[in-house]
Amino acid sequence: MQDVEALLTAVKNGTLSVADAALQLKAAPFLDLGFAKLDLHRKLRTGMAEVVFCQGKDDRFLTEIFRRLYAANGEVLGTRCSPSQAELLKQTFPELDYDSLSGTVLLQSVERKAREGVGCIAIVTAGTADLKVAEEAARTCEFFGSRTVKIYDAGVSGLHRLLSRLTDIQSANVIIAVAGMEGALASVIGGLVSVPVIAVPTSAGYGANFKGLAALLTMLNSCSNGVSTVNIDNGYGAAYIAVQINRLAVKGRVN
Amino acid sequence: MQDVEALLTAVKNGTLSVADAALQLKAAPFLDLGFAKLDLHRKLRTGMAEVVFCQGKDDRFLTEIFRRLYAANGEVLGTRCSPSQAELLKQTFPELDYDSLSGTVLLQSVERKAREGVGCIAIVTAGTADLKVAEEAARTCEFFGSRTVKIYDAGVSGLHRLLSRLTDIQSANVIIAVAGMEGALASVIGGLVSVPVIAVPTSAGYGANFKGLAALLTMLNSCSNGVSTVNIDNGYGAAYIAVQINRLAVKGRVN
Amino acid sequence: MQDVEALLTAVKNGTLSVADAALQLKAAPFLDLGFAKLDLHRKLRTGMAEVVFCQGKDDRFLTEIFRRLYAANGEVLGTRCSPSQAELLKQTFPELDYDSLSGTVLLQSVERKAREGVGCIAIVTAGTADLKVAEEAARTCEFFGSRTVKIYDAGVSGLHRLLSRLTDIQSANVIIAVAGMEGALASVIGGLVSVPVIAVPTSAGYGANFKGLAALLTMLNSCSNGVSTVNIDNGYGAAYIAVQINRLAVKGRVN
Amino acid sequence: MQDVEALLTAVKNGTLSVADAALQLKAAPFLDLGFAKLDLHRKLRTGMAEVVFCQGKDDRFLTEIFRRLYAANGEVLGTRCSPSQAELLKQTFPELDYDSLSGTVLLQSVERKAREGVGCIAIVTAGTADLKVAEEAARTCEFFGSRTVKIYDAGVSGLHRLLSRLTDIQSANVIIAVAGMEGALASVIGGLVSVPVIAVPTSAGYGANFKGLAALLTMLNSCSNGVSTVNIDNGYGAAYIAVQINRLAVKGRVN
Amino acid sequence: MQDVEALLTAVKNGTLSVADAALQLKAAPFLDLGFAKLDLHRKLRTGMAEVVFCQGKDDRFLTEIFRRLYAANGEVLGTRCSPSQAELLKQTFPELDYDSLSGTVLLQSVERKAREGVGCIAIVTAGTADLKVAEEAARTCEFFGSRTVKIYDAGVSGLHRLLSRLTDIQSANVIIAVAGMEGALASVIGGLVSVPVIAVPTSAGYGANFKGLAALLTMLNSCSNGVSTVNIDNGYGAAYIAVQINRLAVKGRVN
Amino acid sequence: MQDVEALLTAVKNGTLSVADAALQLKAAPFLDLGFAKLDLHRKLRTGMAEVVFCQGKDDRFLTEIFRRLYAANGEVLGTRCSPSQAELLKQTFPELDYDSLSGTVLLQSVERKAREGVGCIAIVTAGTADLKVAEEAARTCEFFGSRTVKIYDAGVSGLHRLLSRLTDIQSANVIIAVAGMEGALASVIGGLVSVPVIAVPTSAGYGANFKGLAALLTMLNSCSNGVSTVNIDNGYGAAYIAVQINRLAVKGRVN
Amino acid sequence: MQDVEALLTAVKNGTLSVADAALQLKAAPFLDLGFAKLDLHRKLRTGMAEVVFCQGKDDRFLTEIFRRLYAANGEVLGTRCSPSQAELLKQTFPELDYDSLSGTVLLQSVERKAREGVGCIAIVTAGTADLKVAEEAARTCEFFGSRTVKIYDAGVSGLHRLLSRLTDIQSANVIIAVAGMEGALASVIGGLVSVPVIAVPTSAGYGANFKGLAALLTMLNSCSNGVSTVNIDNGYGAAYIAVQINRLAVKGRVN
Amino acid sequence: MQDVEALLTAVKNGTLSVADAALQLKAAPFLDLGFAKLDLHRKLRTGMAEVVFCQGKDDRFLTEIFRRLYAANGEVLGTRCSPSQAELLKQTFPELDYDSLSGTVLLQSVERKAREGVGCIAIVTAGTADLKVAEEAARTCEFFGSRTVKIYDAGVSGLHRLLSRLTDIQSANVIIAVAGMEGALASVIGGLVSVPVIAVPTSAGYGANFKGLAALLTMLNSCSNGVSTVNIDNGYGAAYIAVQINRLAVKGRVN
């Protein structure tokens, strides 16, 4: 949209026909497969390629979507991928890297994988039941080129476990706090650091936990400053925001 | 009920008439005022006299209830007492001690008030907005003869405030943890002590706090052992249980 | 933390090097397995060893956790253990005692099992559907060395069943009241005893029970004094608190 | 509708014109005031005249509605009537009987008021805060000609208060159980009687009571047989059903 | 309890020993199986024998419970019985009558089954998805000796289906209205009859039905008089109350 | 946007400068007042001018917004207008027509008001408490030029009241069904007509009505076809849709 | 009902007997199968034949219902049909057209299928997970003779995908907006068109989506005019209303 | 805590006594007023001074808290300040800057106020009812030294209002999206930018908005990447996080 005057000037100069200009003004930067509209320009626009949410995707569509995105971006990340979906994808992409704990699949060149991440994102979990959400976050951060530090099973029922890693936590650019049950971890971390905390409630728990609602409300009502919250079990979403912040910290902006 | 054989033996021995025995077996240990049935034997049975929940009581009934309980027990505690209700009661009981912050009224002899409490109950709050609930708890504990230690405004967003008072907290027989917003305080304390924590969620907060629901769920789902929960803003109820536990610790039982 | 002056004096006296002192001040009293941080000092601190919540634990981690805790504490209790997890653990620990109704596993010497419990905790259930929660509570109480009395299927729809066991209930130091459906049991018991009642709502019921929510709200709103509540189906949690209280009653404290 | 053949025969016989028959077939047995449609035939159909729910009715409409129903039925009951509405109505009907506790107004002849009620409906409340709902029920029962027995402040936290009145309760044709807070009263009564219990949750309570929701869920999930439930604070509705049942018990039916 | 004076007189007269009298005063009119307390006197007290809620009962206990109740009452009704539980019971009771739609099992003599029911209970459903709840109600009514009339698939989206059976509905002593989705059936029937309507919300529906919550709220808020509500899918509970009312209508009471 | 080629052609032809074309492409069809952005082209685009939701609007802004819209459209409708807001507006617009029941204000010429509406929208309410919502709907329909038929107080507890007006209802192009309490009205009407029913739940009711939630769920789960729902008390929103449908019915489309 | 005078005249004239007239007045325009009451006149009354909601229908009943409706209407649509139900139906109707994605079955002649639909209904989805609901809607629209335009995977996270199809959307008579997750699609479309938008929340999502509740609330609270909502995942219901509106637009009405 | 080795070295060297070292190790970096514990070191630790949440603070405490923080930090920000509280504070601090719309008070030197903010935070609102929350955010951002750009009344019902300011939005380091009603604004912005969006649901709306719940769920379930959420109406909290991110972007970190 920002090139509108350039384009209009080209029309005026006759270097661009009216028909072509109209086409460009209307051109949709996506690939319409009928059942889906793939955003192939996203990496260009945001520096972060489209990621595939595999859950519920029909087998007929899944491989096609990976093929197109792989061709366009040279790498693909998929989340919420079931073992049978991973099996299916491996038939087409033998190099596929599948992690069953986090349910993530990666298509990436060896070099790209070997590349060291920039900045630092700390990922802290309250218990072992939060691991799969934390690993979804960690794999996403790394896919997008950020360095991670992991501090697992450091819930507030044993503060010394958390405090023993305080230096690691305080030296990150952004923290992802993953916790189920009552989710108090986010508030405690929020009180210990001066950078943003992205809180991820998990569905770990039972009874009055109501599948993550308890932890979600805890995090939304945090008495600590600097805590914002994403959906229950949304490790990917937290990672995405953390990467955005980590990049701003590493590269800065011109404003 | 446990005297049933003694009573029957007395009947057999002729030292008690059938009519009188029947009366005793059926005698209701309460005073029926029509609009209310006062439990005058409760102090005898449980060591803790009936307490008046003033909120919503009709003016016509309130004074009468205080009069009867004062006569029976020699002291009365009232909770959730509005300023106008306190005003009304003062007309009959000029010695009434009303605390507007906690909404409690006390009718007690000077000696009884001066008496030192036994054992130790620690009352900890997360913020200043939790004070009125904490004070309701404190006044109740003291009315029932327990010593209290108060640690206010020690929420988890500034752990050092809490940790600076750790010795006080750890030396109590039971802890009352009062917190609104996300209520994480109870979990953190639960991880630091080896005695029971009675958690009181408060309605302090706004939005997704849903009038105390967030703190309530937090406390019910605590990842720490030894935490049990009472109703939102129920400082009185928490105090009652804490007194029961404190008494067990001080006096023990014969089992 | 309380030895801080002793430690500083040792530094001053030169009997402790600065490096070693710093190490001790920071030393975390837990074992970091990467995927989990085991609290091996808990028994020392609280008199109650760490218990394993088996549900959702990965097979790779479960046996290792039991092995480490068994070595450290000489006994282990596991809760929410599935039949297949019990099968797995039996391969390493043939002496494992698994109770399928309550889903608990025990690793304990014969002598320790034979030991008689102290004090008295009464466990009362409303119906037969509450048995598994009650048995989780009972096995936990006994693991931690408390004596239990069980009164099952004594719900309020047939008061005579409850009243026939009143003496047993009234002679305990603390009551665990386990009830699903509407959960009225806790209120009725609360009115009959002078010791704390730990109320455990269960998910037994259907429809407007909303998986235990109805019983939970009932217990939180109890019109009886002395009732506090734990999470739905949390037999273990109720037992933990009951043991804390029972110990206070048996041993007392020095305050 | 049951007279359709009679009406058709009259048409065939010529004793009723087609136009008149059509009119009768379509005639609405109500009075259309524009803003309201009064059901003047209800007393004829059901033996129970239309009752006015005053709350929220515009002053312009209220007096007119009372006037019309008084003219048609010779007596009117109004519920949820505010003091200012009662004041307004008294200007037109000086004989109006207003009870501020229950918020009910009565227009009735002296003879009708003096008439003794038939059968027996027991109205039991858990606490004094439930009185206004109980009195709405009692006044409605009496308006419709049923005898009532009132047992107030007999909640389950002091079972002896309830058991002392057991004979009265057991001799009624139907029980109305009114309770706020946790609402356990209905279950306990349901276990003690063999007639239907109409349970009325009240909004008395606070916090996790959620304005009567806790008591409502308790009653819907009652472990006792014979308990059905009406809306929160709906004393009128419970009374209406109780009267229907009491009448069936007194008069029987021919089936 | 009412024989207390007679018993005391016998003690005084020496015709009853103190020990025996004490025993009788405490004797519980139930059979304690350890895992359950069967109420064998209920039929005597209420005219309605204890019914077995099979769901969740352990196989070890189920047959024993049926055996004891069959011996005591000569007939047994079981609800929420799974096919495999029915299979199990048939091994002991080959004469067992199992209805898979309603999930009910019956043990009854041929004569008793052939007996005609008294009075009349109309059971109306909104749709075909409500049939299993309606049949649970119908089988319960018949077990307890009441005659039923069934009107199925008569929801308010096609009023003519309901109105065509109006005479049947209006001639019953009590109506059971069974409806899922939005549950409007109860309100419409309530406006058409002068006897009590017991409303049963069912979990039939999807989405914003929230497993029966929508129908439940509809019924609790009914604008029609004479509607009371039981738990979602509780066909048995509605039938129990309907039988109580039908009996009152048939036999009357002496009050 | 559809003129994009025309505009480009003008640029190519030199009849429009690049700067002016860019301006037009970016021109926002609204008036930015800083605190608000008024959509002055809406009437042109949709045939329906922007309506002012007065509730919560600051006095400083309200008059200015009315002034601008009046100037642009020649008429203004305001909803949820408090008496004091109406008073304020009258100072600037003495001709303002305020209806306190519905809380609507109208600025319109005499001719426009006198104009007869097209088509037919039937507005039906269950009770008198739903009038204010119904009148908001009616005034909105009329403002946008649609004819209305009003049938008030025709709830399902007295079906004859509704059926007596069936012809009126069935001859409308679209029905607005307004109901609080249990909201069954929409389902019953949906079963009687072949045109769309726009259901408006109202907050009339109490207790388990939960401020309109009960009626809302009822309407969303309607067993009748052709029922769609708007927000609680949203008479304006229902009217807007009804007008859209009525216009389609009157004018048709060319597709 | 509208022929009532004609019928009465016939009675008067003797051309219709009283008995026959009574029969006709009471005749129910449905077929009572006992387990179900089929509405065979619906197509006549509303122009839209009864559709079968297959989910939960017993195998014994399903084929019979299809047979009867096929005979009466010459075509049948079934929704929420499982693969095994489709298998069963194919045994009787080999020509059955089953679409497993949408779960719909069609019995229709070749000619009828080939017929071109009238008017235009646009069906827009936010993501690929909404396809099954959208296809249920599309197949229903087409069954009832309306033309559809499908725009899938056009959610608001990539506005250009939606805007690129704006002309298609704006030229429809009515829009069906299908969206899960946060459901913002309906509001954005509502702001872009001048015809009614029927919003269908879907259960696509997880966590705080609460099975479609999030999208449902979004749609009910839409800030755009002209949006009304149906139940979660109710593609059929939205289509039914859209067809009603589309027909009005195509044919108009005479009012 | 990081100076622990330095401190120990000083002890060893004798430059610090054991007692003083112990004191420092325990020294709490806060001022204990009894009723509150002020965090005077926060500005030092995090670069952001403690802010006063005025709502619910007792008059006795409020002025004292401001006095202490003003002395320590040289400037104070207060949020949720009522007009009467502002009045009270002005008595002590005549220079107080109170903004009644946002409910914020500022104590700051003229120079500090005049200082230009760094970086850029865009604050976008959906409607005029969201202004007070947006202004709370804006004033907080500015207090902490960040530059803001405000785009108000740009909700998705009129996309052109939002798109006309796209350049401003896209050039910020972080966006605060403030919206009530259905809250779709955050998702649409999230799809248009590559920096983090902090979403603030507001309680603006009515009915099924449930005081902000609808907007909250919308934002948590956003289909756009890069959106995280804070509590309902929590403009301050969103601003705090935005400032943290903006600072990272401006200054970067050394990781």
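A, B, C, D, E, F, G and H are the chain letters, set down in written order, and residue numbers restart from 1 in every chain.
The rule is short, and it goes like this: a residue touches a chain if its C-beta (ideal position, glycine included) is under 8 Å from a C-beta of that chain, and two chains touch if they have at least 3 such contacts.
Values in this document were obtained by computation on a predicted structure and should not be read as measured data.
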Taking mean CA positions as centres, which chain lies farthest from chain H?
E
Determine, among A-B, F-H or C-H, the equivalent of interface D-F; equivalence here requires over half of the contact pairs to be the same by residue number.
F-H
Chain centre separation (chain D, chain H; CA means) in Å:
54
I'd like to verify one number: the distance from the centre of chain E to the centre of chain G, where each centre is the average of its C-alpha atoms, in whole angstrom.
38
How far is the middle of chain C from the middle of chain D, if each middle is the mean of its Cα atoms, in Å?
49
Chain D residues touching 2+ other chains are 26, 158, 207-209, 213, 216, 220-221, 225, 231
Which pairs of chains touch each other?
A-B, A-C, A-F, A-G, A-H, B-C, B-D, B-E, B-H, C-D, C-E, C-H, D-E, D-F, D-G, E-F, E-G, F-G, F-H, G-H
Contacting residues of chain A [partner chain B, same complex]:
126-127, 155-159, 181-184, 187-188, 190-192, 205, 207-210, 213-215, 217-225
Listed in rising order, the residues of chain H that touch chain A in the complex are 1-2, 45-48, 119-120, 147, 166-167, 171-174, 194-196, 198, 216, 220-221, 225-231, 237-238, 240-241, 244-245, 248-253, 255
Residues of chain D that touch chain F when the two form their complex
26, 28-30, 34-37, 39, 55-58, 61, 201, 203, 211-213, 216, 231-234
Which stretch or stretches of chain E touch chain G in the complex?
101, 128-129, 131, 152-154, 158, 160-161, 164, 204, 206-209
Give every residue of chain D touching chain G within the complex, in rising order.
4-5, 8-9, 11-12, 14, 18, 21-22, 25-26
